[in-house]
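Working notes, structure below.
We call the chains A, B, C, D and E, going by the order they appear; numbering starts again at 1 in every chain.
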Amino acid sequence: MTEAIDGLTAGSLTALILGPLILALVAVALPRRRLIDSAVMLLALLLLALLLPLSRAVLTHGPLVMDLGGHDAPIAIPLYVDSLALGMLWLLTLLALAIHPYASAWLQRSDHPHADDYPALWLVLWTGLNSLVLSGDLFNLYVMLEVTTLGAVSLVMLGQSAGAVSAAARYLFFALVGSVLFLLGTALVYADIGLLYMPMIAVHADASPAIVVALLAITAGVAMKAALFPLHAWLPIAHASAPTPASAVLSAAVATAGVYLLLRLWLGPFAGTWTITTAQGIGVIGAAGILYGSAQALRQQRIKVIVAYSTVAQLGYLLLLVPLAQSPLAWQGAVYHAVTHGLAKAGIFLAAGNLILAIGNDRLENLSGADQFAAKNLLVIGIAGAAVAGLPPTGGFIAKWWLLSAALGQGQWWWVAVIAVGSLLAAAYVFRILQYAMRQPENRAEIDPRVRDQSLPYALLWPPALLAALALGLGFSGELLAPFLQVTDLSPALGGTGR
Amino acid sequence: MLPVFDTMLCLGLLWLGWGIVASTTLFRGVVLFMVFGLLMAVTWVRLSAPDVALAEAVIGAGIAGALLLGACKAMLSDPGTPAEQGGPEPAALPRLPAAALSLLVGAALAWLMVTVRGGGPVPEAVAIALPTHFLHNPVSVILLDLRGYDTLMETVVLLLAFLGARAMMRHSELDPLFTPVATHRHYTMPLITLLTPILLLLALHILWTGGNAPGGAFQAGALLAALGVMYQLTGHLRPSRESGPGVRALLVCGLLVFSLFACLGLTWGDAPLTYPRGAGYVSALVVEIALMLSIGTTLTLLFAAHPGLKPDLRQ
Amino acid sequence: MTPIVFPVTAALLFAIGLYGVLTRARLIQRLLAVNLMASAIFLFLIVTSTGGPHGPDPVPQAMVLTGIVVALSTMAYALVLIRHLRVLTRAETLESIVDD
Amino acid sequence: MDEVLIGIATFLLANLVLGFLRLRRGPAPADRLLALLLFGTISVAIVLLLAHAQGVAALSTVALLITVLAAIAAIAFTQMPESIRGNPRT
Amino acid sequence: MTILDWIALALLLGGAGFFFAGTIGLLRFPDTLCRLHAMTKADNVGLGLLCLGLALHERTLSGTLTLAFVWVFALAASTLSAFLIAGWAEARSDTGEGS
């Protein structure tokens, strides 16, 4: 255990993992919805408060490692926090704060039969995501991946329709194969070098055949779960057919966590196995994902499918960190992108969910006249969409600016073109939604007057507004937060990238 | 003689594996999978992994088989979509490229798995830590203490599987997997009366000795679940759409005790999940008892495919 | 220590499972194939745990036990999902409901 | 003596592998289940022999568990529907 | 080898012989019920002899008890299973003749 871990830090890390878990157990044992809803809000606020000193500790001491159970490396399971993990924790906690009240109001309003099942499922998934982000042990990650997978599949399945359940089944089978591949990689690493403790694997792993195959298996496994570009087939339909709050969780948190895990593994324990060619190859896959996802998003006719394809595209940006990893600016940009995109994407989904409540479905052509009756929600979609596209003055702009600068700084101009084209396409699909909404409806009487903005409960309106405001606000706090975004001791290990 | 035994065992495993994958009918695949489970248990015994063998015996011979036979039954009682009736199974991927890919992967893995280096820092450190530990069964040391966090999270996976399944069951018209034949009660009753005390004793035995001999909470819990499965198969427990407070308490007690214990680690140590000095064995036992109850309940309910169970004591 | 035949069997079982996952459309059989792959990895892990200079290594055995619990949980979950899908669509393969 | 135990275990394993033929041929579902039950008993015997050859008492518990749970498969099987026979998809 | 060893060996070999007979019965007998008959008889006697043979070498009480329990439960389980399967097969005239 490092000296930097004081009681408060240890307590915060414990609370991040066990807080949602214990609350989930309470929710299973005592299914009182009101009680649980307020407890979730309190917990999210408490965790936000705990994240402040934790961020400070990371800033002053550098990356923190807490070995569980009072044992030492290499037999203990460590929790690991650096700026990448910290960004994810902030994102997850803010999402919990905004999405849970929305979900609870949404389920109630749509008289959803699964309203009783949702809180416990979400809380366990939250536990899984927090632990996935914090875990520094290869085998433990396998278990956490299973928790997130089962949680995410269950959320998709709550969509109820035959389409949602078959999307859930497709997702589950992709994920099952993904876990087996991850387990294979873990077994090979352990059999070859006798380690599961990730900070130490980084030191011991060479490019032996077993390690290289393990890296391939792990990459393929996580990529299947995270729906990275060539393996994305299950994502758009699953994210689009889930209930709206669940779509937001899946796109903003689960998918991001998958890519986060890949970055954590690639640039941590396996950093020594990279060469320039393979790093550039990962960048190319990311770029292909950006272009393909954006192009698909432009062709879709349903809002939720557009937003889901946009997720496929935006996750690609995170992969650009691999070829650019030697630059601190790229780290800053990637963390900032993950957080901004997560917040903005959740905001868009929630606002789109309100539109769906208003017009009954999410087809673009039915949006006509939405600027009249759902102006606030359209404003949210506009702001959050600008953040996704990376337009100033949003946080998305800062993130992409840093990524661009990193690419220029290392003379890798080709990524500049990709980032720019991706942003243009993103702006195009966001404005396409707004453009449909501003058309004059052919028959005004078709719109049910009861569904105007005013009739939506407050709990459905403030969460998307809060998320969009955060995505916007991040555009003004880039300089302030920059020091927090570079804390990682993994970048030195990336000497391999430059070989 | 042992090499002959090993070779035959491995050929048997491969033959069964191929049979499972290639079987044309669902029932055949399921039966082959159950035999595969038996042979895996023999393999674990041969490789001197008694803890794993115990788990495989309970799961392979009992719960997994019953689950699969139940699903098989559910599939058979529905004629299926028109496209599937009588028609051949639609192909997922063309066979030839799939076979080529699998062969390539198999050959590469075979080479790797034979040539991995072995050893490393963890085996060394574990070998040093084991002799002074308050538990004497090496696998229990790992599961309960060194990697207790994994055990906590694996129980979360089990609970989550049930929560997700319960959400599906609640609003779907899934029939109970098994509707016991009334006349069979006459014959199964003596078996139940014989097995109930024996299984309970065995479960307690496995749990109690788990600290010092092979066994532990999961094996014991799975054994309790096997008893629960048998009660359902013979109609002494029936699935119900409501879960009472008792069932819910049993569901969560294992994780609740374990996570509270994990938090308490912060008070008598520097990190969660630390065992108190001097009271390690007792704490481990308390955690294990709670885990056993939860694991048993969760697995029984997962088999029931319903949120709850109610006893049926008609003779 | 342990004869070479066990790791080779593990690799081949993994390959057989992979073939099954790729070619079988019927979901339950695909599930069985995935479990076969997992069992192959368990076999490999246990093989590596025997022998060694420090006696049997309990860590892989513990990993396999955890893996068995996880595999059983996901199998039970997947079976309920498959039955749920069957009730909703009457299909037992994903391929036969692609066109709805 | 250990060598003898392992020899007998090998012989029993050979019986088990021979029994796979019935598993393959069927023809009735009941035949496959019979084969499963026979394999259960043979596995119990093999486990007992190996446990004695290795001198690990806990392994005998494995045999006990397999025996105790053997009835589950049979009870579950007898509740299979009529359509299990003659259905191309069984 | 003491006289006890020889007796144990004879019992073990006898047990193995009964298992073999059971397997052959399973493979060669003409229909399901015959196969059932051959199998359950053979493997229970076989397991019994085997347990007896092993028990002669068992030093501890618990080990001997375990062996005894294994045999008793095998008898109980196989009696019930055989009965249920036979009933199932007969009710559906599913006697798998031939092959």
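Note that in this section contacts are C-beta pairs under 8 Å (C-beta built on N, C-alpha and C of every residue); 3 or more make two chains touch, one makes a residue touch a chain.
Just so we're clear, the structure is a prediction, and the values are computed from it rather than from any experiment.
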Partition of the remaining chains by touching, absent chain B: A, C | D, E
item: Chains touching both chain A and chain D; value: B
item: Chain whose average C-alpha position is farthest from chain B's own; value: A
item: A-C against A-B, pair bridged by the larger set of C-beta contacts; value: A-B
item: Taking each chain's C-alpha mean as its centre, the one farthest from chain E; value: A
item: Interchain centroid distance [CA atoms averaged], chain A/chain E, Å; value: 58
item: Computed distance of Cα centres, chain D from chain B, in Å; value: 19
item: Rounded Å distance between chain B and chain E, as computed from the means of their C-alpha atoms; value: 28
item: Two or more partner chains touched - positions in chain A; value: 139, 143, 146, 150, 153, 157, 184, 190-191, 196
item: Junction residues of chain B - those touching two or more other chains; value: 2, 26, 44, 48, 70, 72, 75, 80, 84, 109, 112-113, 116, 118-119, 122-124, 126, 146-147, 150, 154, 157, 160-161, 164, 168, 184, 188, 191, 198
item: Chain C, residues touching no fewer than two other chains; value: 14, 17, 30, 44, 48, 59, 63, 66, 70, 73-74, 77, 81-82, 84, 88-89, 91, 97
item: Touching pairs - complete list by chain label; value: A-B, A-C, B-C, B-D, B-E, D-E
item: Contacting residues of chain B [partner chain A, same complex]; value: 108-109, 112-113, 115-126, 129, 145-150, 153-154, 156-157, 159-161, 163-164, 166-168, 170-171, 245, 248-249, 251-252, 255-256, 259-260, 262-263, 265-266, 269-275
item: Residue ranges of chain B in contact with chain D within the complex; value: 1-2, 4-5, 8-9, 11-12, 15-16, 19, 25-28, 31-32, 34-35, 38-39, 41-42, 44-46, 48, 50, 53-54, 57-58, 61-62, 65-66, 69-70, 72-73, 75-77, 80, 84, 86, 178-181, 184, 188, 191, 195, 198-199, 202, 205-206, 213-215, 223, 226, 229-230, 233-234
item: Of all residues in chain B, those that touch chain E in their complex; value: 184, 187-188, 191, 194, 198
item: Chain E-touching residues of chain D, taken from the complex the two chains share; value: 1, 4-5, 8, 11-12, 15-16, 18-19, 21-22, 25-31, 33-35, 37-38, 41-42, 44-45, 48-49, 52, 57, 60-61, 63-64, 67-68, 70-71, 73-75, 77-78, 80, 82, 85
item: Residue ranges of chain C in contact with chain A within the complex; value: 14, 17, 21, 27, 30-31, 34, 37-38, 41, 44-45, 48, 59-60, 63, 66-67, 70, 73-74, 77-78, 81-82, 84-85, 88-89, 91, 94, 97, 100
